Amino acid sequence: MNGDSKLVYSLHGDGELNEGQIWEAVMFAAHHKVDNLISTVDWNGQQIDGPTDKVLNMGNLHEKFEAFGWHVLEMNGNDMDDVIAGLDKAKAASGKGKPVAIMMHTAMGKGVDFMEGTHEWHGIAPNDEQLAKALEQLPETLGDY
Amino acid sequence: MAEQINTLPYKANLEVYSETLQRLAETDRNIIAVTSDSRGSGKLVPFGKKYPDQIIEVGIAEQNLVGVAAGLASCGKKVFATSPACFLTARALEQIKNDVAYSNNPVNVIGISAGVSYGALGSTHHSLHDFAALRAINNITVVAPADNWETAQAIELAANIDEPVYLRFGKKPMPLLKENNNEKFEFGKGRVIAEGNDVLIIGCGETVYPALEAVQILKEKGIAATVVSMHTIKPLDTALLARLASTCKAIVTVEEHSIYGGLGEACASYLLQHGICKPFKIVGIPDEYTVTGSQGEIFDHYGINKEGISKVVEALLK
Amino acid sequence: MTTKELKQKSVEYRKKILKYIVKAKAGHTGGSLSCTDILNVLYNEVMNVSPENFTSPDRDRYIQSKGHTVEALFVVLADQGFFPEEDLETLCQYKSHYIGHPTRKVKGVEQNTGALGHGLPIAVGTALAGKLDQKNYKVYTLMGDGEMPEGSNWEAALTAAHYKLDNLCVIVDKNTLQITASTADVCNTDPLDEKWKSFGWAVKEVNGNDVDALKEVLQSLPFEEGKPSVLIAHTTKGKGVSYMENVLKWHHGVPTKDEYEQAIKELDESLLTI
């Protein structure tokens, strides 16, 4: 409406896509051709009670967004090169009459073996021992930041 | 009195909810829990393991949770629609109003981790509006049990009455208010936990216990207090309220809710309209998004503790 | 019923819908006329529900999510014998039970509806109860295309597919107009079939003003084993009255005396061509 060229990014969980409010906004964005919007879905397949397909099967998210009028991309959300390339593709796809969605395939708890791919760590913090064990597995994070 | 109470074994009302539901389901296959990715949060994992056919998962979708629950209830199921109180009573408020209360589908709407139970997760996760919102909706009973006994009784009663009920509780272990002597629990009937002539303190849910703790402090200052667990906010036990209010010198209400529209205003409204005018103070969460902290820290910050309640009482009696 | 009888029924229903809307000086005229044939076929040909079995746990259930077109429902329920038709003389009058949306105070009505986006979640719960109790009943819910943007519908659509509720049938009265403008202009939900398919439903489309086609397709439920069914019924808003068809103002327009007489004349004439 204001004619500026900025892009808007949003990040969603796959479990969050159970909410009807999301689909209201998805329909609305397509209807109004909100093509300066890039929405990313952290498709980790886990939610607080367990794997998303057990809790409430979301089926094929790619198809859903397409059926709802979005331009859909996929990328490995845990591979930095792929993320950068994916976001570049999304930027290139913006401004063409459709909102853009990126399905990011990720692993919950990425980078720490005992946290990966399980919903157990949704809302809990590691204890000191677990933290030490986790940090050992993430050497690149030590000293870098 | 408070010291004795502390020695009794106790757990979170949320745990008692789950245990009670399991007990009821043993003999009643119509007991159904409906969850919105809230099986773990609602401590319903054991229930789901034992009775896999009696738990329905709808995903993170509160409006649908309540609508589905209404449909199940219309077919004779004894439904416990379980979700964090903050989401259930805000996003799905229209479903509670239309599909449950107005359509008279006897759903038990269970608001877990209510009030500020989620502490530092912040105001999105706090439910400080639910009494106010639901009090203004016809045909739903609004209940906040204080201790494990009240919770178990309320759940059992809710399962077996054919009308809509909203029950909310927290996840902090709650001491028993008193030893039970074959007392009968009824919705709409407050419980007198302590008796004294000077001040009437009315609480509900997890605020009754700090009110009870304040009794000891007040006693040391020569003030005798009556404490009521007004577990049912609607319909309010106006007979008990009128009787106790008539004989005391001041009234304090305590609730884990906004000071607007909750237990305190319900009491004040009744008393004023019936000519019972005493010094009166509502203790609760003021009209602001709360300070960051655990539930206990938030309570302390706003004086929802024994010291805070005692101070309010003393000030009123001055 | 024969095709001819069904068609005659639809005309009879439309005349009564107009009669009581005029009497009440209120009503959702266009939408009631668009869904008339759907209700006709459901109640006369498809569903196992009657005043006699209405309290039976085995009856089929009809939940009208687009509650505002209650006049069509009340006229059909009266015809089925749920209550005397003359009760509708009180429609929307002071102290009447016959209000402008479905209410359980009226015999034959399953749920109080009227707020859009509520019918499907309730229908899903009702269908789930049927599965849990191993009952054979089916659950039908009528939705408007204008209520498709309500998110609660899509929450319920996910749940229905997850629980494989093939005892559930949604009928979308796709008359393409809503109160403000066309559904395509307000919030486009096309392609609607793909949306439902992507949510795991079996989809069929039909001319929703063709009683024969409706009968055939609704007798073929479920459209696919293990999936909930959605029937996209393409209808004409204001169907049967020339000056109302596809005209926005008849969403809740009430005919004047002259307009009413003309409408009845047209409907009577249409009987001759059946």
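Labels A, B and C are assigned to the chains in the order they are written; within every chain, residues are numbered from 1.
The rule is short, and it goes like this: contacts are C-beta pairs under 8 Å (C-beta built on N, C-alpha and C of every residue); 3 or more make two chains touch, one makes a residue touch a chain.
Listed by chain with UniProt protein names: B = Transketolase family protein; C = Transketolase.
Just so you know, these numbers come straight off a predicted model, no measurement behind them.
If the chains shown are joined wherever they touch, the resulting network links each chain directly to all the rest. Looking at which of A-C and B-C shares more C-beta pairs in contact, the answer is the pair B-C. Put simply, the chain closest to the centre of the protein, by Cα centroids, is B.
In this assembly, the C-alpha centroid of chain A lies 37 Å from the C-alpha centroid of chain B. Chain C has its Cα centroid 41 Å from the Cα centroid of chain B. Multi-chain contact residues of chain A (touching two or more other chains): 18-21, 56, 58.
Of all residues in chain B, those that touch two or more other chains are 57-59, 61, 63-64. Contact with two or more other chains is made by residues 117, 151-152, 155, 158-159, 162 of chain C. Those residues of chain C that touch chain A in the shared complex are 117, 148-155, 158-159, 161-162, 187-189, 191, 194-195, 197-200. Chain contact summary for the complex, chain A toward chain C: residues 18-24, 27-28, 30-31, 56-60, 63-64, 66-69. By the touch rule above, chain B contacts chain C in their complex via residues 32, 53, 56-59, 61, 63-64, 66-77, 94-95, 98-99, 102-105.
Per the touch definition, chain B reaches chain A in the complex via residues 35-41, 57-61, 63-64, 91. On the side of chain A, the complex with chain B involves touching residues 15-16, 18-21, 47-49, 55-56, 58.
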